[in-house]
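After this come two complexes, each holding chain A, first together with chain B and then together with chain C.
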Partner chain A sequence: MLTLNQLDKVYKTGTFGTSDLHAVRQVSLDVQRGEVVSLIGESGSGKSTIGKMVLHLLDSTGGTITFDGRDVTKLGFRARRDYYRKVQGVFQDPFSSFNPIYKVDRTFETLRQSYFPKVSGGEWRSRLEDALAAVTLEPDDILGKYPHQLSGGQLQRLLIARALLLDIELLVADEVISMLDASTRIDVLNLLGELKGRGLGILFVTHDLSLGNYVSDRVVILYKGRVVERGDTSAVFDDPLHPYTRDLLASVPHLDRTWEEVEAEEAERTRRLAGRCLYHEAAAAQGRSLGEEAASAEGSAPGEVPDGVGLVEYAPGHFVGCFRKAAEAPCPAA
Partner chain B sequence: MALSVTDLRVYYRTRRGDVKALDGVTFEVADGEIMGIAGESGCGKTTLGKALIRLDTRMKHVGGTVVLDDDELPLSDDNAMNRHRYREVSLIPQYAMSAMNPTRKIGRMIRDLLSAHSVRYAEVLPELERRLKLVGLETDVLGRYPIELSGGMKQRVVLVLSTLLNPSLLIGDEVTSALDVSSQKAVARALVEFRDHGFVKSMIVITHDISVLFQVADTILVMYAGHLAEKAPARTIISEPLHPYTKMLIGALPKVGDRYEEQQLEGIEGRPPSLLEPPAGCRFRDRCPLAHDKCAEAPPFREVAEGHHVACWAVS
Partner chain C sequence: MTATQPVAGPGTEASDQPGVAGPTTSGRKPGGDVRETLYFALRNPKVLIGAVVVLGFLLLGLIGPAFLRYAPMDYAGPPMAPPSADFPFGTTTFGQDVFAQFVAGLRSTFLVGLLGGGVAAVIGMTIGFVAGYRGGLIDELLNMLTNVVLVIPGFVVLIIINAYLGVRSVPMQALYIGVFSWPWVARAVRSQTLSLRSRDFIDLARLSGVGVGTILRREVAPNMYSYLFMTFVLLFGGSILTAASLDFIGLGPTNAMSLGLMMNQAVQWSALHLGLWWWFIPPGLGITLIVGSLYIMNVGLDEVFNPKLREM
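Moving on, here comes the complex of A and B:
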């Protein structure tokens, strides 16, 4: 449904925009209907930038974003409005997504004015109740209240209900649970799981691996704007290959194992993969016929491995990139 | 016993009445113990941390005592507390790393801090450098501005400077929050190392992230709406919690490996009560599946097994 192909984003920084910050490098991924894809990375990995480019809040510098086969990288004002009927975003801080001066109803009222001016009051009310029921909120508890009277979890579910009113097909959920308390977090996650069951595609942006793992079907691990590993959630979490993915998984505070125990368990894998690069090994073994993505990467001379942003398919559905960490660093196997 | 808190009550004065943020809290922290405090937003965990060092103008010490190393802390006497602050009790407040003076180099800032406590910078410098190296920082960070350091580096600088005078008690409020997981791990490990080296005798680590507490803390104290719910060794809290709130809270945390398709976790219905006029009795009553008539009376926080305290009538 949604496909990103070699997406790039360069921010201009410094005085008068004299220097470049390559925030997203050649990112390719796709999201299908009824699927949650997690974008996992630490600060500065470009995960939110990708989410914002999909939502058209930022322009991309290179590459394409296609939605149902249509290129949506450059959309005019009108076309964008149609696009937003199908694609909506929910963000980290539910409190700042609402205007504290108005009752929360206004959020729905503005939506009605801009997208459904012809729908009658009664019809709108019943649609609204359906949407609230879908996010397990009681209309009587919610409507007519001010944002400060509701909890973060309730507000976040309200924003998802607002998105559902538009019959969306894709939801970009950017760190939707990181500001919520543990007891309400899981409700929002379960809601995402339920929406997935109804055929919605979800791009779930997060830095928290245990939460990413809970709902997602596939994960994409980003480091400094580059995809270092991606694949089915269980494949990546059970057999992390890239050094960065392994570091990340070993740093997550687990609830049942201490860091020392995790490190001891991972010692064997670390030893086995030390000083190696599966990407270049696969590349050497296959000669020029790399994975389709790597082969199509631009700027690679014949017989040469592309500039380290491509991925090879290590196991079915499990892709890994060159084992260098930063794009400028040398490959550990070189 | 490093720290002993007895029936501490701290209220916030507001125009609509007192907010009972800390309502009768009794616990002890042993020498060398790292105690974690967990709880949802608004449960009083930050208030507890602040109360042990400085009450701001809105906070009112209503009752209770705090004894640190056989010495009662004069909580409501701001001037008398100065003698204890930083030397005996040190606090790393929330967002400390963002509160560094951006116009001062790190070294200069530490010099200012020490002179405010009549300590000479040159005397402490060798120890300062040694500790910076211990947490994995180069000594040249002293000549740098805060903006030049990453979040994890700043948080480690904050840790070093708050413990320079070897306080008996360090209170760290959300010291690992807002950091990436790799920096989080480095900071959490530095906390444990500082205790192991004896730079601080005991520690209270406040965070909403229970999995971090499981990694660093010896014991975990769970708070709910200004009351204590449960205190036990970290492993016991995670694997054999007794209080219904702790059980539901731990049950709502997905472990790495839990999948939505295989096993759906459940949140906790409802919200904590308002602390403006909290209901009498157990404050978790409205959300508790085990609530019965007896819960209208506040349950005592009593020891049910060695080192395991619970405030619940349903736990025998």
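Moving on, here comes the complex of A and C:
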């Protein structure tokens, strides 16, 4: 449904826009209907930037975004309006998502004026109450309040409710549960699961691995703007390949195994992969015909991906990129 | 003009504060908000006092002439007479009724302030909003224009224009003043817009399929209402002062009276030395009270508009 192909984003920074910040490098991923794809990465890895580009709130510097086969990288105002009927987002910071001078109701009112001018007041009210109930909010506690009178968790759930009012097909959820306490977190996660069951595709942005594990069908691990590994959740979590992913997962507690077992397994994996780079091994073995991404990321020199941002398919559905960490660092196998 | 350029943003608003201003246009449908704002406005002493003073002067300027017995320039009574029942503000060296001059002066003062301030506000805010929200090339072009006008010594240009084109009517004078006093407004509004643009609620409005104009009008501008109002106050006062300065050097309107002209005539005819306090105090006090009241009103409106301040 949603496909990103070699998406790039360069921010111009510095006083005269002279220095560049390469926030997103050649990111390719896709989200299907009825699927949750987690975008996992540390702070500053470019997750929100990707989310905003998907939502057409930021211009991309290169690459394409297609939705149902249609290129949505550049859209006019009309087309964007139609796009937002199907694609909505919830932002990371609920406090800045509401205009502080208006009551929170106005966010819904804006949506109604824009997309449902014909729906009657009573009908809208009942839809609104349904949407609020879905995120376990009491309308009476919430409506008529100013944003500063509500908690971050309440505001965040309001934003989810807002997205539910439209009959959307794709939701970009940027850290939607970071502000919630444990019990509401589960409620919201279950809601996302239910939406997924109804055929909604969700791009779930998070820095929290255990949450990524809990909800998602597939995960994309992002490091400094580059996809280092992606694949089915179980494949990536059971057999992390990239050094960054392994570091990341080493800190996640496992419920079904003891620390010793986990550590032994990780030590064994580290031994097996030390000083190697699966990406370049595959590249050497297969020459140019790597995986789909690698082929399309191909640059001038044959057999070598220019930016080192390609991925190889290590196992079916499990892709991994070059084992170096930072973009400038040398490949450990080199 | 030069006198009105604030070094930094006006003190009451921290420009980085999230909740700066208020919902006066919000109440289109929800209804309650306008009434609520009005409710709080009428309970705010600063707003009330400011409004009463300004409206009082305005009213005096509007309906006062109907009750006057003498025209402003008539040699109506004894020269240099102190205030009396016949001449509430006394008379000038030539026996003109100071009160009649004051009332007429109020009119042109309000006109210069409103028109000059209005023109400057419209130009400055439009440019500021568009430049700040749009960014990129448009921003750079508008910025260039702003900087060009900013470095033009506006007052000198006004003198030249006045001297050569012979501007002799109050509206013309106001128009010229307005056209040269907007740059700092554009800059201030631009930087505020810039900081608001990056807030998520703007993005959320875009996700609701709302257009640029509507976003500027209903999301960005309302956050700056009290700031915009403050800007207008400064422009208003600035226009009045600039007009007075022009009047002083003999480049004011010839066919009208203004508070500035009164003060300058008073100074010219040594009212200070002769102790004719009734000649220069009313116009001076008038200008001070009008501009000062608007300022106080603005501080009060900040409290009214900002729900966070309101609750304390």
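Note that in this section the second predicted complex is superposed on the first by the 276 of 334 C-alpha atoms of A that agree within 3 Å, B and C clash if a C-alpha of one lies under 4 Å from a C-alpha of the other, contacts with A are read in each partner's own complex, and residues count from 1 in each chain.
Here is the rule we use: a residue touches a chain if its C-beta (ideal position, glycine included) is under 8 Å from a C-beta of that chain, and two chains touch if they have at least 3 such contacts.
As the structure is a computational prediction, the values presented were derived from the model and not from experiment.
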item	value
Touched partner set for A:55, first chain B, second chain C, both or neither	second
Partner chain(s) touched by A:315 [first = chain B, second = chain C, both, neither]	neither
Touched partner set for A:267, first chain B, second chain C, both or neither	neither
Touched partner set for A:285, first chain B, second chain C, both or neither	neither
Partner chain in contact with A:79 - chain B first, chain C second, else both or neither	neither
Which superposed partner A:329 touches (first chain B, second chain C, both, neither)	neither
Common interface positions of chain A, toward chain B and toward chain C	none
Residues of chain A touching chain C in the complex	52, 55, 57, 77, 80-81, 84-85, 88-89, 91-93, 95-103, 105-107, 109-111, 113-115, 146, 148, 159, 162
Chain A residues within the chain B interface of the complex	42-43, 151, 153, 181-187, 189-190, 193, 207, 209-211, 213-215, 233, 237, 247-249, 251-256, 258-259
Chain B - residues contacting chain A, complex	40-41, 151, 180-182, 184-185, 188-189, 208-212, 214-215, 238-239, 248-250, 252-261, 264-268, 271
Complex interface listing, chain C residues touching chain A	18-23, 26, 29-30, 33, 199-201, 203-211, 219, 222-223, 305-308
